[in-house]
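For reference, the structures are reproduced in the following blocks.
Next, two complexes with chain A in common: one pairs it with chain B, the other with chain C.
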Partner chain A sequence: MTKNVPAIRAEHLVKTFGDLEVLSDISLEVAKGEVVCVLGPSGSGKSTLLRCLNWLSPPTSGTVWIGDEMLGMERDANGTPRPLGDARLRRQRSRIGMVFQSFNLWPHRTAIGNVMEGPMIVRGLSKNEARERAEVLLDRVGLQDKATSYPAKLSGGQQQRVAIARALAMEPEILLFDEPTSALDPELVGEVLDVMQALAEQRTTMIVVTHEIGFASEAADRIVFMDEGSIIEEGAPADFLSSPREQRSRQFLDRYLKRTSFTSFASC
Partner chain B sequence: MFNLDLFYESVPILASAAIVTVELTVCSVILSLLFGTISVMLQLSKIPGGYWLSRTYVSIMRGTPLLVQLFVVFFGLPLLGIKGQAFLAAAVAIGLNSGAYTTEILRAAVQNVPEGQIEAARAMGMSTRQIWFRVILPQAFVVSLPALTSEFTIVLKSTPLASVVAVTELTYAGVVIQARAFSAVEIFLPIAVGYVLIALSFTQVSRWLERRFRLLHT
Partner chain C sequence: MDLEQILKYAPLLLEGLKVTIIISTAGILLSIVTGAVLVAMQRSGIRPLAVIVRIYTEIILGIPILVLLYVIYFVLPDIGLRLSELAAGLLTLTLYYSPYMAEIMRGAIDAIPSGQLEAARSVGMSRLQAARRITVPQALGLIIPPLTGISIGLVKDSAILSIISVHEFAFETKQVVARTYAPFEFWTFAAICYWTILFVWENGMRSLERRVTRYREAR
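And now, the complex of A and B:
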């Protein structure tokens, strides 16, 4: 039975800020081991969707399931949903990893300190266990020699790789990436995408909001295209990128190709 | 004439009183940090009534003379069954007073911790308490070190007020000797030097802490 339960499932998510509807009726399922890339123009609600998926910003209505557990909500004896207690919400959140656009490392802890923090504080691992786990992960993101460096001494790409290791240290069932390379200098994007590509190849369940269409075409099992708070189209990368069905997807891809054609020719 | 004999005689007495001054300052500073931390957490977490409580505390402490606060605490403690504790009363009064300023110093630093760091902690499953103690406060204290040092030299210079409830700290010892010897300069000159030395050593501790933690923020 568990085989068929999706890793994460969102049903009819709506998110409004005042009069502004940022998400309108989004439903999305991601299977275990699946890599989904979410594309779309700025302001289309991609980041808001991710923030609803780990309850950082609870949706106005709709439900999210991780495995077979309802996220952030529970039903009382009459079956009416109500917000989940803080301790249980935190336990659920710890099953979902998140990597942010602006890294959000803690500047008063070293690289390895950042990675050890969650396992120690949230999972209750001993310092030694946490250190062992963190060393393995820093090694995986190619930063074993930067373990004792503070974030301020690391490049953006290195900081983001530490942030990925930090998320992995919680051994999450799902990893959410919120435009992980958008704040990086162009020459640093590659090292982060390489790490993510490796994760994708190891069948890590990932939802990646990104503008890196190249990465999406190589790493994603499925592309979801969003505009104005709705999912406009989804499909396998090859289909979506070569023959998008919807007008808005075509416009988006055309604009993207025009913007990058110069650089891609230059690199040929 | 500068009476050297009086000077030599009074220095050992003053030295032991200076120890009381240092003890009183250290205890007041610890209490100030404690009250300031609790107050800033009340003010900025979403605990019902917390904001109001903290703001009231800060307004009262900043709006009344320390001497009055000292009397209130000194004569109030016996009502709680704590009698004859002049040193404790002085430390609590000065700590409460300084805690209001510590609140304001920490508030600025806490509000400067980027929201993203807090979200990263929350996304990982940390509790609000864990976020305060692991993410926010360690950074806030480091950022506030210079301002806190300046606040705590003010605490040092407030300790002579404890003499009104008969704590034999440095200034009070001077007053007692002067009353017997009818001579002031030989006594209050070394006292002034004593305060400077204590203040300087506090500043040195703060500098050392700053150097130790500087690398985190550059």
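And now, the complex of A and C:
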């Protein structure tokens, strides 16, 4: 029974900023262990969707479920939804890990300090327990030798790997990636994608907003294509990438392929 | 230069110096606390509170500290609030300097990129936890240099309180000069004392700043 409950489920999400509708009626389900890549042109609402999915930016309307728990809302005695108290929202949020485009590491903490912070402060682990957990995770992202380095001394790729370890340290049920490689120099993209690929192979539930179509085709179980605040098309990577059904998906992929064929030609 | 004179009056002068240090320390602490309250009021999201802070700040910034002191010491008794010299002096320093302290704190808090706080919230930290663990430790490093400057101003301005007979250093020096007719010795001595204290203070704060911002240049 519980096996069929999706890890995360969004129903009819709408998000408006003033008159601007950034998300219009998005519904999305991600099963446990599934890797979903969200593609789409800039401004299509991909990042906003992620920020709604962990309530950093609550949707204007619609609901999100993690497992069988409604996120950020609860029903009162009459069944009317109302915002959830902060303490319970925080507990829910800690079940959803987030990796940001600009890493957002805390510069006054070392790499290992960044990873230890959440488990210590939010989960109440002792310093030693948190350190042990953080060492394992830094090892997993290949940064055990950088544990005592401050973010300022790490490359972008290393910082993003620390950020992934920081998210993993909360042992989240779902990991959200918001364009994790977009702020990186091209030569650093690979090391981050490798870590993400490994997570995907270990059946971590992931929603990845990305422009890395190569990664999507290899790691994703499903690709979701968004444009103008709506999901236009979704499907298995092989199907979507080789024969997109919708006109807008085709245009997007065409543009992308032109650009990469040019760059691969230029790098010859 | 008559050193014997200075030695003779040293106990009295040191007593004044002690009052200067105490009232300055109290003034710095109280204006920091009041400044923090101003920031909290302004950021509370409650509009009337923010408006009060703005009006208060505008008023204080437009009044010389000497006039503020006179108002508190000579005008407030007419409306029924009579304060001792020390209390009036301390209140003046606090009221006058708290908007500056608030401005320093505001600037430091705003300088922390919002993404860091989003990261804190995404791991499940409360606002208070994020403030304590993420904002404050970094804001401290940003606050210290301007705080040093403002607090030096406060220490120097504490000499103004001699006008309402707060028995601080400048007041005692004035008394001694009146008794000895030796302004050269005693005012020079006073200048050296003020300068020395502020020199030590400034350097202490500078090394404190280096300590809390070590992460910026560290390994």
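By our rule, the second predicted complex is superposed on the first by the 263 of 268 C-alpha atoms of A that agree within 3 Å, B and C clash if a C-alpha of one lies under 4 Å from a C-alpha of the other, contacts with A are read in each partner's own complex, and residues count from 1 in each chain.
Everything below uses one rule, namely that a contact is a pair of C-beta atoms (placed from the backbone, for glycine too) under 8 Å apart; a residue touches a chain by one contact, two chains touch by 3 or more.
The structure displayed is predicted, hence computed values, not measured ones.
Novice: Have a look at chain B and chain C on chain A after the superposition and call it: clash or fit.
Specialist: In the superposition, chain B runs into chain C.
Novice: Is A:D86 touching anything from chain B or chain C once the two structures are fitted on A? First, second, both or neither.
Specialist: In the superposed model, A:D86 contacts both chain B and chain C.
Novice: For A:T148, using the defined touch cut-off, is the partner it touches chain B, chain C, both, or neither? Pick first, second, both or neither.
Specialist: second
Novice: Quick one: classify A:K127 as touching chain B (first), chain C (second), both or neither.
Specialist: After superposition on chain A, A:K127 lies in contact with neither partner.
Novice: First (chain B), second (chain C), both or neither: which does A:W106 touch?
Specialist: both
Novice: Share the list of chain A residues that count as touching for chain B in one structure and for chain C in the other.
Specialist: 54, 56, 86-87, 90-91, 93-94, 96-98, 100, 102, 104-108, 117-118, 121-122, 150, 152, 163, 166-167, 170
Novice: Touching chain A in the complex: which residues of chain C?
Specialist: The contact residues of chain C facing chain A are 113, 115-116, 118-127, 129, 133-134, 137-138, 215-219.
Novice: For chain B, which residues count as touching chain A in their complex?
Specialist: Per the touch definition, chain B meets chain A at residues 114, 116-117, 119-128, 130, 134-135, 138-139, 142, 213, 215-218.
Novice: Flag every residue of chain A that touches chain B in the complex, lowest number first.
Specialist: These residues of chain A touch chain B: 54, 56, 86-87, 90-94, 96-98, 100, 102, 104-108, 117-118, 121-122, 150, 152, 163, 166-167, 170.
Novice: What residues on chain A touch chain C, complex-wise?
Specialist: By the definition above, chain A touches chain C via 54, 56, 86-87, 90-91, 93-94, 96-98, 100, 102, 104-110, 117-118, 121-122, 148-150, 152-153, 163, 166-167, 169-170.
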